[in-house]
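Note that the chains take the letters A, B, C, D, E and F in the order they are written out, and that residue 1 is the start of every chain.
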Amino acid sequence: MSEGGVKKFMFVNRKAPYGTIYALESLEVVLITAAFDQDVSLVFMDDGVYQLKKGQQTKGIETKNFSPTYRALEGYDIEKLYVEKESLEARGLTEADLLVDVTVLGRAEMGALMNEQDVVLSF
Amino acid sequence: MSEGGVKKFMFVNRKAPYGTIYALESLEVVLITAAFDQDVSLVFMDDGVYQLKKGQQTKGIETKNFSPTYRALEGYDIEKLYVEKESLEARGLTEADLLVDVTVLGRAEMGALMNEQDVVLSF
Amino acid sequence: MLHIINKSPLSNGSLESCLRVAVPGDILLTEDAVYAATSGNAFEGKLREAMGRFKVYVLQPDLDARGLGDRLIEGVTSVDHGGFVDLTISNNSCQSWL
Amino acid sequence: MLHIINKSPLSNGSLESCLRVAVPGDILLTEDAVYAATSGNAFEGKLREAMGRFKVYVLQPDLDARGLGDRLIEGVTSVDHGGFVDLTISNNSCQSWL
Amino acid sequence: MKFGIVVNEGPYQHQASDSAYLFAKAAIAKGHEVWRVFFYHDGVNNASKLTEPPQDDRHIVNRWTKLAEEHKVDLVVCVAAAMRRGIREENLAAGFRISGLGQLVEAGTKCDRLITFGD
Amino acid sequence: MKFGIVVNEGPYQHQASDSAYLFAKAAIAKGHEVWRVFFYHDGVNNASKLTEPPQDDRHIVNRWTKLAEEHKVDLVVCVAAAMRRGIREENLAAGFRISGLGQLVEAGTKCDRLITFGD
């Protein structure tokens, strides 16, 4: 564990948005965790990288478009957003397709980062 | 549709038992459908073939073992049980591993059978 | 028969199972399955191959929600919910590959 | 780190994702993931390869429930729920690949 | 055409209930009949009148109730699945009724098409 | 050791709640503390006191209640997830309490290990 009661929390997002609620509820707990002054990292891999795709338009499915919230994370000092390179490539996406600035990591670097965490929550 | 208000109902089971409830609830609706004198077929493919594996012992997970029910289907005149050959092979199983007598169909035959149905319910 | 798929082909095997077994007919990609119809996706090759046998449709509102309206693979036909209804009528039966 | 997997490798990509990314450590197969540890399963080759890097455990009560207690691949270690608890302690942290 | 719809998942967690609703609405808009919606498995959770989503979100339960009222759609909740999940008369939303699996079979026999939405 | 457990799925539909319960019981049997179980997403449906499974089946809700009573396990239901799914004080089973996501973060900070069970 890190000093002073601060733990490293990682939120691993592996599911596409809208098909299930996990992406939305993940955002809620991320904001709360930051409010508790913990060390927060967000990981997007597998279909989770789709959460960050620009241009989401949800009018036709009558569901709230929550993707602008990713842009608001910076305002809460949540700045560690990691995307796995292989997941991005397998979906034909590049950093330019994403709503926010992220750090793209290869799978080995991503694994190493996961290994450093105190608490990993999966969505 | 077949004659006299009788329709061909097919129940497609593609999920493993115990991990989710679908296999159990599928059995319930199959019995009711037979009671309504409809033409009932059960299909087991993908992880659904695991539902028919002999020797299930659920004491350690404190859950009811519902697999004996497959043996009881015959008593309700439910005799059309089809298993996809490729799904069985991909799981290292043979007909001798299964709780009940089934008709093993290749993928093309299975597809043709599905195509003849009036109502297909998925579990 | 209309085959309805709602899972991403990169995390779940439903679309692949359908393509393995189903008699050629209509396939509608909905919810998270719409990703299968986007160019550059690792499943693109398999989908193009399937398009030789199946007529492939995608539910446009689900594609738009996911921000991929401009990535639709050529030859896939876009429908709205009304078009979804029409497909269930033009086919004699339908199967959801859940 | 303990990696916990609960999905069948033949219908869902979770185990494969874990093997692609995770730093070698312990893997526990639970619920429908226990099928990955059974001989003759199409995933067997990939699991054996992974066993060169990871120590693989299976939750025996889940394997028994599914009638596959006698098909465990040699070299996979069987644990009960108490053993599951011990694995979460012997590792500094854990991750469920849902 | 006469449609039957099966909903296998609860509201909000999966898109199934949203997709089923949009399908039903489109079918009605085209002049078809949605004869029955059968809520099965976790789908029974669509029928809880205690549901209260955030104000800026859709109200999935009320949406079904309104559809039933305006278009005489029969909303049937599977009794066995409902008992397992704490849905009973006392928390059942307007427009829904609790009944047996026979209602699902009947929808299969009487409707021209039966469409399933689930996970 | 002090354990926190997260349950993301409702009872019966997925094995998650069963697995979480058996883990908790085993941890307690080994002399560890299960400090809190946090019910998130559809997991909130574990807390409905209206649940009534068939007599030959396990009663998942009552099992949690009993665990809480006998071993002082704090069963917390996420309020936002609960509102969306019709879980409120009026249908809340004994031993559960409704609170915010801060309780999950607190479990992460105070427990030696936090284990998630879901789909």
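Everything that follows uses one rule, which is that contacts are C-beta pairs under 8 Å (C-beta built on N, C-alpha and C of every residue); 3 or more make two chains touch, one makes a residue touch a chain.
In this text the structure is predicted, and so the values were computed from the model without any measurement.
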{"item": "Between chain B and chain D, the fewest steps along chains that touch one another", "value": "1"}
{"item": "Between the pairs A-F and A-E, the one where more C-beta pairs touch", "value": "A-F"}
{"item": "Numbering shared by both copies at the chain F-chain E contact, with half separating same from different", "value": "same"}
{"item": "Furthest chain, CA centroid comparison against chain D", "value": "E"}
{"item": "From chain C, the most remote chain by mean C-alpha position", "value": "F"}
{"item": "CA centroid of chain A to CA centroid of chain C, Å", "value": "27"}
{"item": "Centroid distance [mean C-alpha coordinates] between chain E and chain B, Å", "value": "25"}
{"item": "Contacts with two or more other chains, residues of chain B listed in rising order", "value": "14, 18-19, 21, 46, 61, 63, 118-119, 122"}
{"item": "Numbers and ranges of chain E residues touching at least 2 other chains", "value": "12-13, 15, 19, 22, 41, 57, 80, 116, 118-119"}
{"item": "Per-residue overlap in chain D, given as positions that touch at least 2 other chains", "value": "6, 10-11, 13-14, 31-32, 61, 80, 93-94, 96, 98"}
{"item": "Touching pairs among all chains present in the structure", "value": "A-C, A-D, A-E, A-F, B-C, B-D, B-E, B-F, C-D, C-E, D-F, E-F"}
{"item": "Contact set on chain D toward chain C in their complex", "value": "10-14"}
{"item": "Residues on chain D engaged by chain B in the complex (per definition of touch)", "value": "6-8, 10-11, 31-32, 35, 38-42, 44, 60-62, 64-71, 80"}
{"item": "Interface residues, chain B side, partner chain C - complex", "value": "12, 14, 45-46, 84, 86, 107, 110-112, 114-115, 117-120, 122-123"}
{"item": "Residues of chain E touching chain F in the complex", "value": "10-13, 41-42, 45, 48-54, 57, 61, 80, 83-88, 90-91"}
{"item": "Touching residues (chain side chain F, partner chain D) in the complex", "value": "1, 3, 8, 15-16, 19, 22-23, 25-27, 29-30, 32, 112-113, 115-119"}
